[in-house]
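Dropping the structures in below, format is structure tokens.
Note that subunit A is present in both complexes that follow, paired respectively with subunit B and with subunit C.
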Partner chain A sequence: MRYHYFPGCSLKGLGRAYDESLRPVMERLGVELAEIDDWNCCGATAYMSTDHCNACALGARNIAIAESSGPGDIVAPCNACYLALNKTRNCLAGDSATRAAVQKALAVAKLTYTGTAAVRHPLEVLVYDVGINVIKRNVVRPLKDLKIAPYYGCQLVRPHCSFDDQWNPTAMDRILTALGARVVDFPLKTRCCGGSLTGTAPEAGLRLTHIILGEAQRRGADLIATICPLCQFNLDSYHDQIARRWGPARIPAVYITQLMGMAFGLPTEQLGLKRNFLPADKLLAAT
Partner chain B sequence: MSNDESIRTGFYVCHCGHNISDVVDCTAVARYASTLAGVMVSRDYKYMCSSPGQELIRQDILEHKLNRVVVASCSPLLHEHTFRNAVAAGGLNPFLFQMVNIREHDAWVHADRAAATAKAQALVSAAIRRVALHKPLQATRAPIHPDVLVVGGGIAGIHAALTLANAGKKVYLVERQPSIGGHMAQFDKTFPTLDCAACILTPKMSAVRSHKNIVLWTYSEVAKVDGYVGNYTVTVRRKARYVDENLCVGCQECIDACVFKVPKFPDPFNLGMSMQKPIYIPFPQAVPQAAVIDPDRCIQLKTGKCKKTCVEACADRKAINLNQKEQLLEIKVGSIITATGFKLFDAKRLPEYGYGRYPDVMTTIELERLVSSSGPTGGELRLRSGKPPTAVGFILCVGSRDMRTNRWCSRTCCMHSMKLAQIVRERTGAQVTVFYIDIRAPGKGYEEFYDRSLQQGVQFVRGRVAEVSDCALSPDEAGKLVIRVEDTLAGFVRRVPLDLVVLAVGMEPQADAQEMRRILNMSCSAEGWFLEKHPKMAPVSTFTDGVFIAGCCQGPKDIPDSIAQAGAAAAEALALIDAGGIDQEPNTAYIRGEECSGCKSCISLCPYAAISFDAEKQKAVINPALCKGCGTCVASCPSGSIGQNLFEDQEVFEEINGVLDYV
Partner chain C sequence: MELGQKIKCEADRTAGFGKAIAAMPGCERLGSCIQCGACSGACPLSIYMDQSPRQVIALVRGDFKKQALSCNTIWLCSSCYACTVQCPREIGITDIMYALKQCAMSERAYPAGLSIPILARQFVRMVVRRGRITETRLVMRFFLQTNWKAAISSWRLGLNLIRTRRFGIRQQHIKQHLELAAMLAQAKNANAGGSP
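Our next item is the complex of A and B:
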């Protein structure tokens, strides 16, 4: 199984732990990730809403480079990248004017967009290409008795979700169960984490983050599992401010790939666990 | 043209008020027609379908010795019959007439007056040349079988069957379930009068059972329908019930004696909220009041190794017959009423409302069973925890008026929910909130019922609910189900904590509606409801003559509307039967015997099974009573030896020439 890998800016910066844990876990499962050569920013949500055509060109360049370097789908682990690249694909499939403008821009760089490579999230690849049984077979240290709240964030399932339920996604629940963990029934799976509002309008943004942490605490979760660098950052970085306003809800948030790495028995130092503000490594090591 | 007579044609163009004359210059059309060969009279008139208009035709036939008539007006679907009668009143054969549609095909679809007038003249030229070749024809009259089949034993089917039976007609009522009664049998009370549903339904169910003119076949399905209006042959599949319903008296001793001491299988009548045994009677008022054995659950039927305590208990009555087999029965009927009903929207398709995840999220029909005195709790409303509810919310339009699921309004859910809201308030005193998009209460006494709900303290919040969750953000939400909704009248987002959330699920076509449509050769709307012949003028007829529709299989409706439609369908069937026979259009195909080579290729093509093979003469034979004049065989005959009345080759070519001449 070979895929083009689009890490995106976050996974090279504050979401480094996601990249660090994703690579060895995928390798263990026989998934080859070939990083797209000279990739650029996906444009995220901001650019798409200010300049649609240029934003599509930005996304299409990454897809076009991947397509020209061989067959296979693209894996985009960051929810924002996953959404932006899929929006680009949807737009170029249906809007011939934008497609023509984008092709013209790509031609300058001697690139052509064909739309043959699908953009997929690691969750989808793990559940549908690798398979839950293969994941289960690789578990050497089950995350026994660890109560984990699966938190998917909003961008994976809205507005489109091709592989899971829009309101009640279950792909991560299935992986966590395979790892031996106890999945907490978590109704806020796809509720917004606050996104960039935690930085630009903290009053509104932090309240949203607090709602998720508070509910996870009420439901007795030891950990929150995430699949998006911004979600993980918000849930991990503002504990002091949240505690001051609403009382403490100190539950560590980690990437699903870090949990998989632990369960697969990979060396802890390879999984970027030391990067958490609210450490989870001791908790994980104890299981 | 005919040799022994000269053609004398009368031509009439209708203004249809302003419908045609606003776009087509009718005077110019009449003037043009007067120049064509054989035209003796050419007139324009404001309303040709009026009595003076028809009289004009009759007078002209007598005065000008006309032998052909052409009318340019609306669609033949509307007035071909009218004008044929006028022609006959003048003493001419009614088929020496041709109609031109310059309204639907011209005036209504064009705006350019000159071009529309030219199109009308081209069509008129075609008709005038064609009609000259028409030959006198005779309509044939086919007999009507007086028996009627009613498919579906819900309230619509029951009412239709009783109406027909009371009029002295023999009715076969076929119902798929082991009992008649349909959805109405599950209801506790009915809106807007709050009268007991069982009290008004069960007398009709008993009347069906005892009526001498009704043959009731429950646990049965229509497998096949052949034939045509007045003469249908229907195959009914009677599933094995394993109990002879004529011998069973409904004493239930077999059920008590069953080796399953405790009922352990979900009871569909109570939507799985209570349990039943492999041998059961569907509900207390079931008709027929006879037990049924579920072959997938009965140990004897599954493994052949049971003590058969049920048979012992039945003793001398010998009603239980474990060797009963499915039967295929063939009946002859003249008309068919389809009243196959609807299915409820599956609330799991909207996961944001948590149905199937939260035990205290239920559907309106489940609540209906919970408040019914014959329901699983004897009418006592309890949460799954056993406590009585203190705050109950109804979410309307679940699976209705929604681009993601079904776009239509299910019409009954507003009233149904308000009825349940009043019952819940009366019985428990709980706070009740209804979350709605629009309250639709358009029936007689319905708006007053809405007022009554308000007076009883039912609260209404206008807004489509975003989600139901058990996530508490404040202490008063703890342990509750929380509805998140934008209150579009107050202009903010509300969080409403509740103990019980009721989803007002909408109606959908039956899962096998397409199968039924094929069996009866009907049409379906894009949504899957059976299509009426005309939404206003023929609301219970279908495009298949002799097949009528009633109740929710045609679209969502409440009990009064279903019964009104069932009565209308029964009246249509009665009109058909009491007319004694039906005139058949003589536009049938016929074999030119000497030319037919006996290749049989037409036989399999005929959609009406009207063609057979005469083995002695080695020729195809067309039964004019079955032929619908579709022309498939005519076009496909390799030797060109099939002709068709009113569509002879020369007639069609002459029509084409008429258009081409004008152009």
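Our next item is the complex of A and C:
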């Protein structure tokens, strides 16, 4: 199985533990990730707030480079990238004026957008291309006795996602169960983490982060499993400030790929677990 | 006692504003709103907004441009799309928020004292110049411009980033950044025809 890989800026920066753990886990499962040559920022929400057509041009350049380098779908692990690239695809499919403008812009770089490569999230690839049974077969150190809250965040499932439910997705729940963990019932699994508001408007942003952490605590979770670098950063980085405002809710947040790596028996050092502010001690002890 | 106008009136309208927003990508169904409020109920940030998402839709549709562009709602919107998938009339509320942000950005009409649009501006500038975002640099630049005291009080966060080896200070960039900038200049505001 071969895919074009779009890591996105965050997986090279604050979220590098996601990239570090995704690669060996996918390799173990026979998934080849070929990084898109000279990929650029997806534009995230900031670019869309400024210029619609430019935001689409940014996404289209990445997709066009991938398409020109061979067949295969694109894997985008960051929720914001996944949404931005899928939004680009949908806009270009449905809006001929934007499509014409974007093609004209791409021509400057001698690129053409065809729209043949789908943009997919690792969760979808893991559940539907690799399969739960294959994941289960690779587990050598089950995460037994760990209670994990599956947190998907908002931008994966809404509104462009075709593989899971918009309010109650289950792909990650199924993977966690296959790893031997106990999945905590977590109704806030798609509630917004606060996004960049934790930095720009902390009164509101941190409150949203606190709500997720507090609910995980109330439900007795040992860990929160995440699939987005911004969610993971928010849930992991503001424990001090949150404790000062609303009381402590110190639940470590890790990437699903780190949990898979541990369950697969991959060396801990390869999984970027040392990059957590709040270390996942229970995970390290349990496996 | 100083008297202030409490109710909006005809003179506050900017004729054609609602139609212009509805012509922007994803905003086509604006006119079909039934003011049910499902969007405001679904919105995790509505408790901090000075106009709820439902009210913003009504303002836009009623051509109240000034009020729609100056509320904090459009900037507090985190683009979580909860409203969009909840709306019984399938209105692209998040896209309407984006259209309003684009409009406020191009007219620099955002509320004073709100730093969110400044981050967006710096983000865009870094992408145009380098093709990629280096988060640590972006955040430092943002705090220097908006609230350097906050930068100092987040020293612990900075130390933690250094400790966990995530404090990447070297600017990331793509090889073809000049080509990308030329591309973006070519596509800039290409659908401004619909923009008010």
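By definition in this document, the second predicted complex is superposed on the first by the 282 of 287 C-alpha atoms of A that agree within 3 Å, B and C clash if a C-alpha of one lies under 4 Å from a C-alpha of the other, contacts with A are read in each partner's own complex, and residues count from 1 in each chain.
Just so it is clear, contacts are C-beta pairs under 8 Å (C-beta built on N, C-alpha and C of every residue); 3 or more make two chains touch, one makes a residue touch a chain.
Remember, predicted model here, so these are calculated numbers, not experimental data.
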Fill in: Contacts of A:T200 with subunit B and subunit C, given as first, second, both or neither
second
Worksheet entry | Residues of subunit A touched, compared between subunit B and subunit C (which is higher) | C
Item to complete: Figure out whether A:R218 sits in contact with subunit B (first) or subunit C (second), or with both, or with neither.
Response: first
Fill in: Contacts of A:Y47 with subunit B and subunit C, given as first, second, both or neither
second
Discussion item. According to the stated criteria, A:C192 is in contact with first (subunit B), second (subunit C), both, or neither; which is it?
Written reply: second
Fill in: Common interface residues of subunit A - those touching subunit B in one complex and subunit C in the other
166-167, 211
Discussion item. Can you tell me which positions in subunit A touch subunit C when the two form their complex?
Written reply: 9-10, 12-14, 16, 38-41, 43-54, 56-58, 61, 91, 95, 97-98, 101-102, 104-106, 108-109, 154-155, 158-159, 166-167, 191-192, 194-197, 199-201, 203-204, 208, 211, 237, 240, 274-277
Response to the item:
So, in the complex, the side of subunit C touching subunit A is made of residues 24-26, 44-45, 48, 76, 78-82, 84-85, 94, 98-99, 101-102, 105, 114-117, 119-121, 123-124, 127, 131-136, 139, 142, 156-157, 160-161, 164-166, 168, 172, 174-176, 179-180, 182-184, 186-191, 193
Fill in: subunit B residues touching subunit A - in the complex, by the definition given at the top
350-352, 354, 357, 467, 469-473
Discussion item. Under the stated contact criterion, what part of subunit A meets subunit B in this complex?
Written reply: 165-168, 187-188, 211, 214-215, 218
